[in-house]
Amino acid sequence: MDYLVILLLQIGSAVASLVLMSIGLAVIFGMMRVINLAHGEFLMLGGYAAITAFNHGVNLWLAMVVVAPLAVGLFGAVVERLVIRHLYGRLIDTMLATWGLSLAMIGFVTVVFGNTVSGISAPLGSLSIGAYRTGAYEIFLIGVAVLLLVAGWLVLRFTRYGLIARGTMQNPAMAAALGTNPSAVYAVTFAVGSALSGLAGGLLAPLSGVVPTIGAAYIAKAFITVISGGAAILSGTAIAATLLGAINTLATFAFTSVLGEVALLVAAVVLLRLLPQGITGRFFRRAL
Amino acid sequence: MLDIRGLSSGYHKIPIIFGVSFQVAAGEFVGILGHNGMGKTTLLRTIVGQLPATAGAIRFAGSDIAHAPTHRRARLGLGYVPQGRQIFPGLSVLDNMRMAAASAGLGDSVLDGVLDALPRLRSILGRPGGVLSGGEQQILALARCLCAEPKLILLDEPTEGIQPSIIEEIIEILQRLKGERGVTIVLVEQNLDFIRRLSDRVLIIQKGRMTGEIPPDHLGDDELVAEFVGMSAH
Amino acid sequence: MINRRKLLRASAAGAAGLAAGPFVIRDLHAEDAVKIAGIHDTSGGLDIYGKQMVATLDLAVNEVNESGGLLGRKIQLINYDPQSNIQLYTQYATEAATKEKVAVVHGGITSASREAIRPLLKRFNTLYFYNTLYEGGVCDRNIFCTGSTPAQTVEKLVPYVQKKWGKKIYTIAADYNYGQITAKWVKKYAQDNGGEVVQTDFFPLDVTDFGPTVKKIQAAKPDLVMSALVGAAHISFYRQWAAAGMNKQIPLASTTFGNEIVITSPEEHNGYIVAFGYLEGIDTPANKKFVEIVHGKYGIPHMTELATMTYHGLHLWADAVKKANSLDRVKVIEALEGGASYDGPAGKTTIDAKTHHDILDVYIGEARDKKFVVLEKFAQQQPADTQAVCDLKKSPNENKQYVIDVKT
Amino acid sequence: MKAGRVKAGPVKAGRMALAGNLAVLAAGLAALFGLPAFAETYLIINSTIFAAFAILALSLALIWGYAGILCFGQAAFFGLGGYTYAVAAINMGETTLPALMAVLLPALFAGLLGYFMFWGRISDVYLGVITLTVSLIFYRFVNQTAGEQWNIGDAPLGGFNGIPSTPILNWPGRAGDQLAPEDIFALSVGLLLAVYFGCKLLLATRFGRILVAIRENETRAELLGYDVRLYKLAIFMLGGAMAGLSGLLFANSVFVSPTMFSLPVSGQIIIWIIIGGLGTLIGPVIGCILMQVLTNWLGTVSQIKGFGWVDPNLVLGVLLVIFVLLVPRGLTGLAAGVWSWLKGLANRAPAERSATREQTDP
Amino acid sequence: MTTSSTTASSTGSSTARPLLQTRGLTMRFGGVVAVDHVDFTLQERELRCVIGPNGAGKSTFFKCLTGQLVPSEGDVLYRGTPIAGSGSHRIARLGVGIKTQVPNVFDGLSARDNVWIAAAKVAPGRAAERRTDEAMARVGIAAIGHRLVGQLAHGQRQLVELAMVIAPEPDLILLDEPAAGMTDEEVDRLVDLIAELNRSHALVVVEHDMQFIRRIARIVTVFHQGAVLIEGGVAAILTNEQVRDVYLGKQAASPPHASRGEVSAQRTEGS
């Protein structure tokens, strides 16, 4: 019984971390058809922002929840202005340019911070479930993932910005003809997506630590989750993360962590073959 | 209200319209009649800003908009009901309208007035735009345009692929708009009957050039009809 | 086609130079300086180690130069950064040996990088020092391996922690040769000592999610966890282990938890017990001075065995050159084989002529507030694992890495 | 969206093309016979690796530049070629058959993967994700084969460390009689020339012309009765075979390790092509060699005091962004642009003269 | 101009197997029914014109025939073989060629290469070259063979596409608005070409330009709101009040399904 609870909790935690590490990418891809291959480095930057702020005396929660998203959001706005804006509608080119950006960011952070920035330990302590102990912070992250999805849904569904963003995403030319400035929407969206990546990077830092190359551990999983999810930003990410996270965890528990990872990757390949437009490309097409 | 002089444009390097000039006064309903491929849609898309003008001037409500971005033209009060309707498929009917109001910087309060004018939409407010029939989409496209409270509406072939009963309804709506609200409208069509029943005056576009103007009641003329449709039995 | 011998002769005779050579700032004595090369990853995933190895190599070279140089000449150090890319190791080793004609190459971090350049340097008759702790088994007269091997550290660590904490061990190890073989030694010594390894899990070097593992370990209820995790990604384990509060529940010992102490916090690592051929907390004047210099002048926050043995390695080589009074490779090798020894920050390290590995002091230490405190020292431990498979005195022409078969 | 970024111009009039081909051939032959006579050993070793990589560059240049298939996991075939050779050679002793297998197996695997993708109508970014994922699966798998249970016959897969004891090719039929490094060099450069001109020939055949047509407009090709999937499959398999060949040569100049399958390898091929110019064959080869030389140089310069900021990642990344934004047609496109600009300058003088004459003559 | 003349094929014995037949062909996009239960029959070597106002479903109908779209319902039979849902290339190999509404050409290739690609599908080596030259000569684009198609004018691109369609000599040629964007001389040549092609090929031509229809048509099918409104000889159709009303957008037009029963009668009358 305890084991079952702990297993479910672990699945929840795997799903939550997939959601966290892909949500920023999903927003940017879903709204703008831009794949940000520097996404992993955006997360990395979020981690560095949080840790640097913390090491300078900022309250840990403030560092993770405010400083990290703000810093990366600003950085995203600059990147949008300098690079992304010139490549709209050229999916492959944006992928290449952001990949270059990813290399440059790794190099830059290495030069600035070096490789031995001390991390922060996970707050909140641990708690017991029957005979097992688990980090309370992991449960907190599950909560944050759910909160982010719900908040995202509320924003898209009920706010003016959400409405305009959804309309622009479906038909930018028509949105412009109605008076919306699509490039402004894109700029805001990119900044918001970046800020979400920063938030996720900050929140994940206590568990994974930060080194300049940590982005590589995130990007492939995030990329695969988002594409498997398909067009719908939130439900796509949520469904794909749930599916892949559950498969990964179950296979890890049953076999080894490598097989868990391989099972995740194989599942994604099969999924894309069966549903070439992703899960929400076929089902739940009108979802958010 | 709208003053177009020597306007040329086209797709990529292929020129489609050549030095088109015409004027529309406030409150006027101008029909532009032309066959397929004569440049009607290109003309409207150039006015809206979706295609760049290669030459000429567009003045609207007192400002030169020939090189303004699309959204700025829309904010100036240029409304557009495009060919093929371009409904946001994933938004509900209500959200399609709210999107328009929001894009124009208006509140949801405008919606009621529009729904009063187009009561048919009230019963389908919650349905996604993508599942509507062609006729319903056309009415929605019109409603969406109205939600931005435009000074001038550009209508691109609203009868295309639409059932006759709905066409009749659209005619009634447009007549009412013209009468009650005094909206200025430019309509491009190849549907003679439709254009005749609505327009104050009718311009003819042929191969990307404005070739003439005729009073709408002449459109009933058998000779002209036969020539236009090409069905005259010589 | 030109045959190989002719080619080598041509290059030995010094054929035309090339424009695309490395960018070297030459000092005044460059013309008659003794060139040596360092090949360490200072960018890419391994730079955390590479940077400090470059620093200590530089320190050692400066020391030799300041004390009069070698054979009346200065040492000129040429550094290459292979960027954690195996193929660049190949290219740089060839360049160092045939273009720069260096007297010795120090370098290589992973076993893969060592195996990429070891055959090349042998072919080009260039002496090679590999200063990293590794899985053991290399048997080649042209190479000297100054780092510790699992038999040296695990043999001491396992009985120590079993006595302290209990017999049941859960091993988690990096999934590559070092981790695999370390896990085997852990199992062997655990059993020799009357205990058992309840489970062994291997993790590829880029795994960051250890959530399921933390739970699996709890389900297995071991007395202690033995970690041979390696690299940046694996630091996540220690964080997630502590986040679940497990570091207070099940103790942990490791032969790899080294530089990780800088990145993790005291709450996360206090109480971990490790075994290395060097610990920063060694309480000797030599080490204190060494640590002060690398912290201060080079800005390295924490010294590891890799960097310290690199320092030892350079001094071992320099002493041997002096002893041989020649840069001739064979003479230097013979001098090293003749019981060459260097007493430095890591204590006394002596070359084992049979295996060309170090006989070194093994330290057991405990992590306390970002520092390792030495608990116990085991002097002059033999590289028993490599000795079991390799005897260069008997067969000097050996040229391979043995996979050491651990009988459990 | 088609994966093609910039469409290639039409095949240039015969004389220019012939001159270009002759120049490439001359450069290749000069390298083949000149280098061993004059150059130092390290340059020969480096050139061997460059040649192996140039074949890898051509493999993607062909399928991406001419068939519009952007494969983000070309490293999968590269690694598969290397590992196939290493494992087979260790087990068989004689290396001729293993060398053939190193080309065939990746081709067959590409066939399998291609069938899976093209018959599922997968394209664009989805194709990118699948190929990338497949190469990741290989990487993950091979990376964890350090244990003894992963020995294939006599060959330990070796996990992260790879197979350092990868055997060197022997002369066909003479097991144990290994090729010397300069023989490997000659083989690599010779094969590079063969592959380069083979691609040129292929593109001039019916198959090649149809392939380019498919890149230009898949729908039209289908409406003309071409089974687009078959053509894509064939070229994808050929690309796989070329990448496998490259892996074989790499295994002979370095040795096989899991990094062959890694994302940075796939990515670096894409960089070569972007820098060199998509839709050409010579561009990616030039891009490959330039980037290799640059990487090599960065590894030495960043070690000099005062140059610590020269982080190779930083330099390569910024370079890639600049090329995508400002030089989208790569170096070959840039060269062509400069050339036609110069020609324009040369032609303008007489044109201006005649223009003034027209004006003055009423 | 022309009075309706009887063609052998259209009045051929009713037992002869038609070249192309659709039964209840329907294509829906979301809530929009683009093609609505179309029954359409075409005999060997028949020339059929399809007219109808914008949005009547003509192009969608063509896409269903060529496999670019998989119909929601109904059958397409080509010489008795069901082809609905087959791949485009399979249908093309059966001998169906199409010139699409928006020119579908290889922009990055020369005009001659474009046509050669088409010819090479059915003819090897020399024969392909010969066919290429023939097709280009027939269409009158031999002079622009070396030019990049992407840089040609719209009308010329249309001609290149036409040459691509006829080069493999398909049994059935579908032309979607072939005259759009052409100069008068080009249209004249097109009219002659269609007549000449019709001696050995079946054709279906979709066109808006009534003058053009009048010059080429014998039997005309009128689409309206996705369905067949009426079908008959060109003279009859062009004088038909109902057609005229539909075309003019007059509201008098009766719902399309009501007229279905008249089709055969009117058709007989027309031919």
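In order of appearance the chains are A, B, C, D and E, and numbering begins at 1 in each one.
Assume contacts are C-beta pairs under 8 Å (C-beta built on N, C-alpha and C of every residue); 3 or more make two chains touch, one makes a residue touch a chain.
Remember, predicted model here, so these are calculated numbers, not experimental data.
Note on connectivity: the fewest steps through touching chains from subunit A to subunit B is 1. For the pair subunit A and subunit D, chains touching both partners: C.
Ranking C-D and D-E by contacting C-beta pairs places C-D first. Of all chains, the one whose CA centroid is most distant from that of subunit E is C.
When chain centres are set by their Cα atoms, the one at the greatest distance from subunit D is B. With centres set at the average Cα position, the gap from subunit B to subunit D is 53 Å.
Measuring from the averaged C-alpha position of subunit A to that of subunit C gives a distance of 37 Å. In terms of their C-alpha centroids, the spacing between subunit B and subunit C amounts to 77 Å. A straight line joining the Cα centres of subunit B and subunit E is 31 Å long. For subunit C, the set of residues that touch two or more other chains comprises 43-44, 175, 202, 204, 206. Taken residue by residue, subunit B touches two or more other chains at 89, 130, whereas all remaining positions touch fewer.
Across the assembly, subunit D contributes residues 140, 143-144, 311-313 that each touch 2 or more other chains. You'll find the chains touch as A-B, A-C, A-D, B-E, C-D, D-E.
Against subunit D, in their complex, subunit E makes its touches with residues 66-68, 87-89, 92-93, 97-98, 100, 104-110, 113-114, 116-118, 120-122, 128, 148, 150, 164, 168. Within the complex, the subunit A residues that touch subunit B are 160, 163-164, 166-167, 170-171, 173-182, 285-286. Those residues of subunit D that touch subunit C in the shared complex are 36-46, 49, 140, 143-144, 146-147, 156, 158-162, 164-165, 180-183, 186, 250, 253-255, 257, 259, 293, 295-305, 307, 311-313. Of all the residues in subunit E, the ones that touch subunit B in their complex are 1, 30-34, 53-57, 151, 153-154, 177, 180-181, 208-211, 213-214, 225-226, 235, 238-239, 243-245, 247-251, 253, 255.
On the side of subunit A, the complex with subunit C involves touching residues 3, 6-7, 10, 13-14, 17, 107, 110, 114-122, 125-127, 131-135, 137-138, 206-209, 211, 213-214, 216-217, 249, 252-253, 256-258, 260-261.
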